Each structure stands twice: as structure tokens, then as C-alpha cells.
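Scrolling down, you'll hit the structures one after another.
There are two complexes below, and they share subunit A, which is joined by subunit B in the first and by subunit C in the second.
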Partner chain A sequence: MRKGRFLLGFYTYAVLGLLIYMPIVILIVFSFNDSRVLSLPWEGFTLRWYAAALARPDLHKAIWTSLWIAAVVTVVSLVLGVLAANAMARYRYRGRLVFTGYIAVPFVVPWLLLGIALLLFFNLVGLRLSALTIILSHIAFDVPLVAVLVAARMHQFDPWLEAAARDLGCTPWQAFRYVTLPIIAPAVIAAGIFAFNWSFDAFVVTHFVSGTQVTFPLWVWSALRFAKNLPIVNAVSSVIVVVEMGLVVVAEMLRRRGDAGEGWW
Partner chain B sequence: MSVAGLQVTHLSKRFGKKVAVQDVSFSVQPNEFFCLLGPSGCGKTTILRMIGGLLMPDTGRVALNGRDITFDPPEKRDINIVFQNYALFPHMTVYDNIAFGPRRQGWPEDRIRREVGRLLDIAHLAGYERKYPRQLSGGEQQRVALLRALITRPQVLLLDEPLGALDLKIRQQLQLELINIQDAFHITFIYVTHDQSEALAMGDRIAVMNQGRILQIGDPRTIYEAPVNRFVAYFIGNTNLFEGTVQEVVGAQARVAVPEVGDVWGVCPHGAQALRPGLAVTLSIRPEKIHISRHEPRQEGWNRVAGVVQDIIYLGVSTEYIVRLGQGPTVRVFTQNLRPNGDHAEAITWDDPVWVAWRPAHALILPD
Partner chain C sequence: MTVAASSPQPEAPRRRAQWRYWLGQYAGLLANLTPPLLYLLAFFYAPMSILLVMSFWKSGYMTLRPGFTLENYITFFTTPVYLKALSNTFFIATGTMLALIVVAYPIAFYLARMRPRYERLILYLLIIPVEINFLIRIFAWKIALGRSGIINSALMAAGLIREPLGFLLYSKFAVGLVLMHEWLPYVVIPVYLALKGIPPEIIAAARSLGASRWDVFWHIVLPLSVPGLFASFVLVYIPMLGEFAVPALVGGPSGYMLGNVIENQFLSAGNWGLGSAIGFILLTVTLALVALVVKVAGVEKLL
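== the complex of A and B ==
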């Protein structure tokens, strides 16, 4: 029994380590390697790939594009996603199944199909591909993400709290503002971080609907066609991996704290 | 014409096919302590929510001081609720919880501070301002919920089994505190409970409910001593129920034939007019109204039946005897333990042949 548990634990850590963490660690380690090829032998420590990345205006522009698009997408998705979560957790209504189906889309539909579908849709309605189409596409898959994360919190939420707020003189909006929102705040912020990451990292869908816009993942894709860019991509990817993992750790901590019922404080 | 107090008229509510509340009417006087009493699922909480505005009735009206408030939203009613699970805001301190209502009403903060401090003193919670609900015991949370609902002095306070989750000792203590607070604040209380002893102890009047209907409204003594039917007699306190058939009616009394027991003289608490020979009825005899003795009792006009003691249960304040009447049903008899050693005067013990006796006035004849 004890031995079985040990083996299972060992297996889990081995898979996690080898499949997930190891490639990331290799990526980061070799971003400091003074060599154009991503392989041993170790040629010596250098920061010149980071310097080279800093010197690329096309990279700056791509990161900036991804950042502001992700910011807009996150704000809109949070508003729509929290409303959707409220509807999912609180009400029964006609068309609930259709709505639940939409919420499941980014989790079950291949993103390739999602990208093609969105492209066809934009052509159909005559919307020219631009930053706007990227934003709309990202919102399409970020709203379900936010809705799922926030609804999980709302399901644990005592529905009588809102009734109590109404009873003590709140309009429905005030009850949401003073009682519901503060209690779900940790989950909302966590959802915002995940939504931001999803938008910032999105490649497949963006690839179809970007037009002439170059987001960071699209820049990486095109840069990799030239071998000389590999170390630069490596360096900038290392930075982004570290930042995003940090954000996800924060989001996860917030989410758990919210689930423990402690709210914000 | 304006009518003081709260009026509920012909209120009905169904959930899908299930009828939760059926044609319920009652009125509550200002400053009255009114209990809605019934088993769980009888519709009493549904009535409370319709009065509080959390639920809209299918038909019927709710009026406060003559003004129709049936469809007013909860925030527009001068009625507050103390919820069964307290529903304290977990992200707010005790102070902010109690200050929640006054802030919505725009009280100045110094007035809120004075009033919250005063109320916390009254409720023996001084110094609790900065605590969070999760740091409080059940009884303390209960009191905070009460203060939160009371502070704005609503005309009516609705309490939904507020003591249901608490231990017996704390419950009894809080029952007294609630009565005192209701006296001090001059607020109408409508109190929902399934605990008949709580309703008897606290209520000025009690409405006994079953299956969505109100069966009887009255003061505790009337409900206990003169129930309108078998359910009320059975639900309130302890009683012995026998089924029988009316044989003859003489003035206010009637003779009822009970199988295996014999003929019993009883009275109908709501008049003998409805009784006629051949009618199937239920007899209700309270255990404390029955005398038990080893000798045949001689009181003129009493009902008396011979039996055998089957069980004796010592309850401290009283002793309960379970007596089998012939081959027939058993009857419960309570006697107070007045002697220093708690023994019954005649030291009745198991398997003793005994007589049980009661006045006709204490054998209540209830139509089925």
C-alpha cells in the first residue's frame, strides 16, 4: 500500500517534471547559452540574446499589440462573463441549454475550427480583418472561461445573502455591488488573469482573424522561420513564461482563498 | 379606512403542481408576538417570504397599516427578516453588518456608531465590532442578525426559525431575550417555528398550520386547551387520542363509545351543536389531566377505566405512566413529583392494576 502510493507519487512527479517543467527549464537555461543552436555543449553564459530581443522594434510592436488587445479583451470578458456566471448560477430560463452549450465551446471545440468559423463569420457580415476582429474573437472564447471560473464560486455563495441585502434596503444593483461582488472578487480577479493569459497566448484563432496585425504569438511564429532568430525567441519566451507563471500562481492563490469563503480580506 | 397592523388575506402560492400555501388569511396587531407554527414543509416559511417581499403570491393581498404592499419590492417595505441561517455578510465585520441597513437609509455615520454601540451593549456583544461572522458562535451570530434587522426599527420583524440551529440552553436564554427586545422596541414580531413549546412560550397568538392551510389561530391557552381538530391536539403538546362514535348528546356533553375502552363522557370545545349520535369522532385527553390511583376513584361524574401499568418513565419534574386499558389501547398519564423522594403517593409500580380517571370537561371531542 505504502509502496504503491510512493510509486504513484513518483510517477506523477516524473511526468510533471519531464513533460511540463523540463522543457521550460531547458528553454530558460539555453536562453543564457552563448550559442546560436539550442543544444549542448554549453558555450558560456551570455545576456546578448536578451539584448538582441530588446533591440527589435518589430518585437516591441508585437508585444504591445498583444498587451493592449489582451487588456481590452479582459475588461469586456470580465463584465460579460460575470453576468453570464450570475445567470448560470441563479436562474432557470428558456434557452439555458443553448447558453450552457456556448459556455462549453472553448473547452470542447478544436481551436482550429473555432478560428475558421470566426473567419467565415467575419467574411459573411463583411467585417474587415483588423485588431477589432482579433478582439471579438478573443472575447468569444474568454467569456466562457470567466463564466466557468466565477460560476464555480457563485455556486458556493449563499443566495440568501442577496435576499438579506434587498431586505435591508438595497436595489438589485446595490445588492450585487455591496454583497455579491466583494465576495466573488477573488474569483473575478483570478478569472481576469486567466482571461488575459488566454488572449495574450492565443495563436490558432488569432492566426485566422488577424489580417495585417501582428500579435506576439504571430511574431514568434514568423520569426521561427529564420534559424538566426531562434535564440531571440528563446530569450523573450523565457521572460514571458516566467511572468505568466507568476500571474497564474497569484490567480490560483486568489481563487483558493475565495473558495475558502474568506472573501477578500 | 386605515387598519393598524399587518393583514394577510386569501394568500395562495403554488410551486409547479405543489400547493405550498392555500387561501391563508390572518391579521397581526401592532406590537403583537405572532407565531406561525407547523411541521416542516407546511408553508409557514413561504408565507414569511411573501410578507417580506422575497416571493410574490399567486393570489391574495398583504397590507401594512391599510396600505397594499403585495407587490412592493423588499427594499420598499418597512419589514425586515431574520433569516434561518442568519445570512450575515461574511466579508463584513459585525459593525458593518449591523450598519448595513442604516447606511442604505443614509444615516450620518456618528448616529450609526452611537446606535450600533448601544445595541451591542444591550445584546451583550460590546467589543465585538471588529469581529467577522465566522469568528462568532451560533448564538452570537443569531444576535448580530437580530440587531442588523432591528436597528432601523422596522414596523414588522419576520423571524424564520431563528433559534432552530442552537443548543437547548442557549435557545431558552435567547427566547427570553427576544421577548424582552420585542417589548423594548415595540415592534411586531412574526415568528416561524416548528417547535410547539417555543410557540407556546413566546407567542401572544399562534397560528397552527398544516399542508398550506391555517387550522387554528388563538392564544396559547386556547390552542392547547381547546384545539379545533385532531391535528392541532396532536401537534401541540402531548395527548392521548382515541377514536370513537357518538352515542348520545346531553347538553354540552356527549357520550362516546370507544372500542376496548368503553363509554367516555366528553365535551366538544367548540360547542356540541355539531354532534349527533353515530358521528365518528376523536377524543383527546391530555396526560396531565388524568388521575392515576390503585383504588377505584369516587369522584362523581368522572370517567374511570381500569388498566395495568406497563411502563414508568421518570422525568425529574414529573413521572409518566403508560397504562394498558384492558386488552385495548394504552394511555399516557403524567403526575407531578411533589414528594421529596419523587415517589408517587401510593408507590405504583410495574404490572400494578390501577384506575385512571378524568373529568368529562378534559375529554375533548374533536370531529375528524
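== the complex of A and C ==
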């Protein structure tokens, strides 16, 4: 029994190490290798690829574009997503399951199909591909994400709390603002971080609806074609990996704090 | 006659009161429900419908004329290259899915029976990489797998091989491996949640009635974890059918998938009608699989 468990544990860490973390570790380690080609032998420690990345204005512009697009997308998706979560979790009506399905369907459609469908759509209605079309597209897949994450939290909380607030004379808005919102806040913030991440990282959909706009994933996609860019991609990727890991840890901690049921604001 | 004529008069205020009651009840709901409903209608359901309609339009290089023709579908089903991509897609996705289940199940099993502190640590270790830009992760595999990549150069330096292993990159193997890296957490976690939901009393009861460990696993644990497997199937198998970045970067010619054909029709070949038709075929297969899983497993078990 104990031996079986030990073997299972060894197996688990081995798979995580080799299949999940090995390439990421290699990526980070070799971003410090003083060589144009990404392979052994080790040629010595250098920061020059980081310096080279800092000196690329096209890269800065791409990262900046991705950041502000993700910010706009996150704000709009949070508003629409929380509304959808309200309708999914806080009202009882016929058709509630249908509405939940309606919101969740984008989850089961491959992103490639969403990308080409939106390309056809924008072309048909005569909207020129630009930052706007990227934003409209990203919101389409971020709203279901936010709705599902926030609705899951709402399902856990006692609907009578809000009824009690209304009974004691709150307006519907006050009841939402001072009772419901503090309770769902951790889930909303976590959903916001995930939504931001999804937009910032979105490649497949963006690939089809970007026109001449270059977001960060599109910059990586085109940079990967030229061998001389690879060490720079490597250095930038390492920074992004570390930042994204940090963000996710924060999002997860918030989500779990929310699940523990503590008030927050 | 008089009765009929007089009855609408007291009706009117009552109806107004009812209307106001109804409004009070539903105004909040409508205010919440309408904006996301309309947004997805405009930017998800309408585009998807257009995809369907345009797959029947007459299509040439960079032109698309309204009409109704099955030409695009006929072209797809009579061109060997496309059919090869179709079979490649199912071969790679199915093989990877089976491999994922075999690799992930013991991890989920281990995770479900751990002390909470370590359980949370492993969950973090699984979830965190998911949020790293996946182009970057594919790129990381390219560094690892190439002919002069880290794995080959390490194996050669250690004297284990003389020639670099060619099949590591630009092959179906590479596509499957990177897909496993990408999707492993989405298989482990649903199965883990299903296993975690099994009441320990059931297992204790079976044991005290004389079942062996193997009996318990085979007749109790495995059947009860099937809903988790269904959930991971929906989460993983379906997106894999629409994959194009992974095969484009590490697949080479032999790892060519349906997603690459579609991307190519839209962004290089300029045949949007054919691309739409292939996209719609993919969508049909996807939705049919989801419907099948929902029918077999039941929706409530998936949520």
C-alpha cells in the first residue's frame, strides 16, 4: 500500500517534470546562453538577448497593443459576464438552462472556427480589420469565461442575504453593491485576471481578425520564422512566463479566498 | 350582452397591476439577460450562421458569390490531400486522447487521495503552466526536440545515440507530444474531481464485504470516474480536432491537420467558400460529439 502510493507519487512528479515543466525550464535556462543557436553546448552566461529584446521597438509596440486591447476586453467582458452570471444564477425562470447553454456554447466550438466565422462576418458587414475587430472578437470568448467563473461562485451564496437587504430597505442597486458584490468580488477579480490573460495570449482568433495590427502573440508567430530572432523570442518569452505565473498565482489565491467564504471589502 | 360589455372595465386596472407585477419580477432579469444575449448573438451566433451559409456559396480565388451549390463539399470529399488531413486529424486527436487518459488517470488517482496541503501544491503545478502563452510553450518544445535541439544534443553528448533522432520534431509524434503537454491538466482535473466525489463509505463497505482492492477499483472507482472522463473528452478532444498552431509549428508535412487546411484556405489560398465548408464539417462533427456525450453522460454530470 505504502509502496504503491510512493510509486504513484514518483510517477506524478516525473510526468509533471518531463511533460509539463521540462520545456519551460529549458526555455528559461537557454535565454541566458551566450549563443546564437538554441542548443548545447553551454557557451556561457549572458544577458545580451534581454538587451536585444529591449532594443526592439516593434516588440514594444506589439506588447503595448496587446496590453491595452486586453484591458478594454477585460472591462467589457466583466460587465457583460457578470450580467450573464446574474441571469444564470440569481433568477429562477423557465429557459434558465437554455440561457446557460447559450452562454456556454462558445466553449465547445474550436477557436479556429470562431476566428474564420468572425473574419467572414466582419468582411460581410464591411468592418475593416483593426484593433476594434480584435477587441470585439476577444470579448466573444471572454464573456462565457467570466460568466461561468462568476456564476459558479454565485451558486454557492445564500440568495436570502440579498432578499434580507431588500427587506431592510435597500434599493436593488444598493443590495447588489453592498451585499452581493463584496461576496462575489474575489471571483470577479479572479475572472478578470483570467479574462485578461486569455485576451493577452489569444493567438488563434486574433490571427484571422487582426488585419495589419500586430499583437504580442502575432509578433511571436512571425518572429519564430527567422532563426536570428529565436534567442530574442526566448528572452521575451522567459519574462512573460514569469509574469504570467505570478498573475495566475494571485488569481488562484483570490479565487480560493473567495471559496473559503470570507467577506472581502 | 351587458355582462360582456361591463366586464372589461374592472379588468383594465387589474391587468395594469398584473403587468406591473410582472415587470417588477422580470425587469431585473431582462436587464441582466439581454446585453450578453445580444452580444453573443451578434458576435458569435451570427458569424457562425454566416459560416454555414457561405459554405454553400460559389467560390473561386478571392471571390465569393451568393447562391446555393454543393461544390465546396464535393471538392473536399474528392480531394485526396484534404481527406488525408481529415484522417490525420482523427488519428492524432484520438491517439493523443487515449495516451492522455492513460497518463493522466494515475495522477488524478494519486491526487484524489492525498493530504490537502500537497494536493493543493500539485493542483497549482498543473494549473499555472496552462496560463502561459501557448505559442511560447510550443516554441519551448521546438528548442527541446529539434535535430540540434537540447534532447538530441544531450543524448549524443551522453553517447546514447550517434545520429540525432529525426522523428522528435516535424512528425505526428511531435504534434501528439505537444498536445499532451497542452491538455494534460484538462484531463487530470475533471477525473480528479470525479474521484474525489466518491464517498469513502462505499469503498469501506465494499472492502468489509470482502471485495479485493482490484474489485473495488474495477467495479466501483472506475465506473464512478466515467463522468470525469466524459468531461475531459469534451474539454480536450474537441479543441484538438480544430488545432492548427501546433501542427503548423512542430508537425511538418506528415502532421498536417484539418485546421491547417482551413487556415490555408482563408489566409493563403483565398478560397473562403471551401474553407467555410471544411469549417462547417468540423463544426458538425464537434457538435455531434458534444451532443453524444451529453446524451450518454447527462448534462448535470458535466457541470
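Annotations
Please note the rule applied: the second predicted complex is superposed on the first by the 254 of 265 C-alpha atoms of A that agree within 3 Å, B and C clash if a C-alpha of one lies under 4 Å from a C-alpha of the other, contacts with A are read in each partner's own complex, and residues count from 1 in each chain.
Assume a residue touches a chain if its C-beta (ideal position, glycine included) is under 8 Å from a C-beta of that chain, and two chains touch if they have at least 3 such contacts.
Bear in mind the structure is a predicted one, so any value in this text is a computation, not a measurement.
For the composite obtained by superposing both complexes on subunit A, the positions of subunit B and subunit C are free of clash and fit together.
Within the superposed three-chain model, A:Leu67 lies out of touch with both subunit B and subunit C [touch as defined at top]. In the superposition on chain A, A:Ile103 makes contact with subunit C only, not with subunit B. In the superposition on chain A, A:Ile189 makes contact with neither subunit B nor subunit C. Considering which of subunit B and subunit C touches more of subunit A, the answer is C. Once the two complexes are laid over each other on the shared chain, residue contacts for A:Leu8 go to subunit C alone; subunit B is not touched.
Looking at the shared chain after the overlay, A:Leu132 reaches neither subunit B nor subunit C. In the superposition on chain A, contact of A:Tyr21 is made with subunit C only, not with subunit B.
For the pair subunit B and subunit C, the least inter-chain C-alpha distance in the overlaid model is 7 Å. Overlap of the subunit B and subunit C interfaces on subunit A comprises no residues.
Those residues of subunit A whose C-beta lies close enough to touch subunit C in the complex are 5, 8-9, 11-12, 15-16, 19-24, 26-27, 30, 37-41, 79-81, 83-84, 86-87, 90-91, 93, 97, 99, 102-103, 105-106, 108-114, 116-121, 124, 136-137, 139-140, 143-144, 147, 172, 194, 197, 200-201, 203-204, 207-208, 216-217, 220-221, 224, 230, 233-234, 237, 240-241, 244-245, 247-249, 252. Remark: subunit A residues 158, 160-161, 163-171, 174, 178-179, 182-183, 261-265 touch subunit B in the complex. Residues 52-54, 73-75, 79-81, 83, 85, 87, 89-91, 100-101, 104-105, 132, 134, 148-149, 152 of subunit B are the ones touching subunit A in the complex. Partner subunit A is touched in their complex by these residues of subunit C: 26, 28-29, 31-33, 35-37, 39-40, 43-44, 46-48, 50-51, 54, 103, 106-107, 109-111, 113, 122, 124-129, 131-137, 139-144, 146, 148-150, 153-154, 157, 177, 180-181, 184-185, 234, 238-239, 241-245, 249, 259, 262-263, 266-267, 272, 275-276, 279, 282-283, 286-287, 290, 299.
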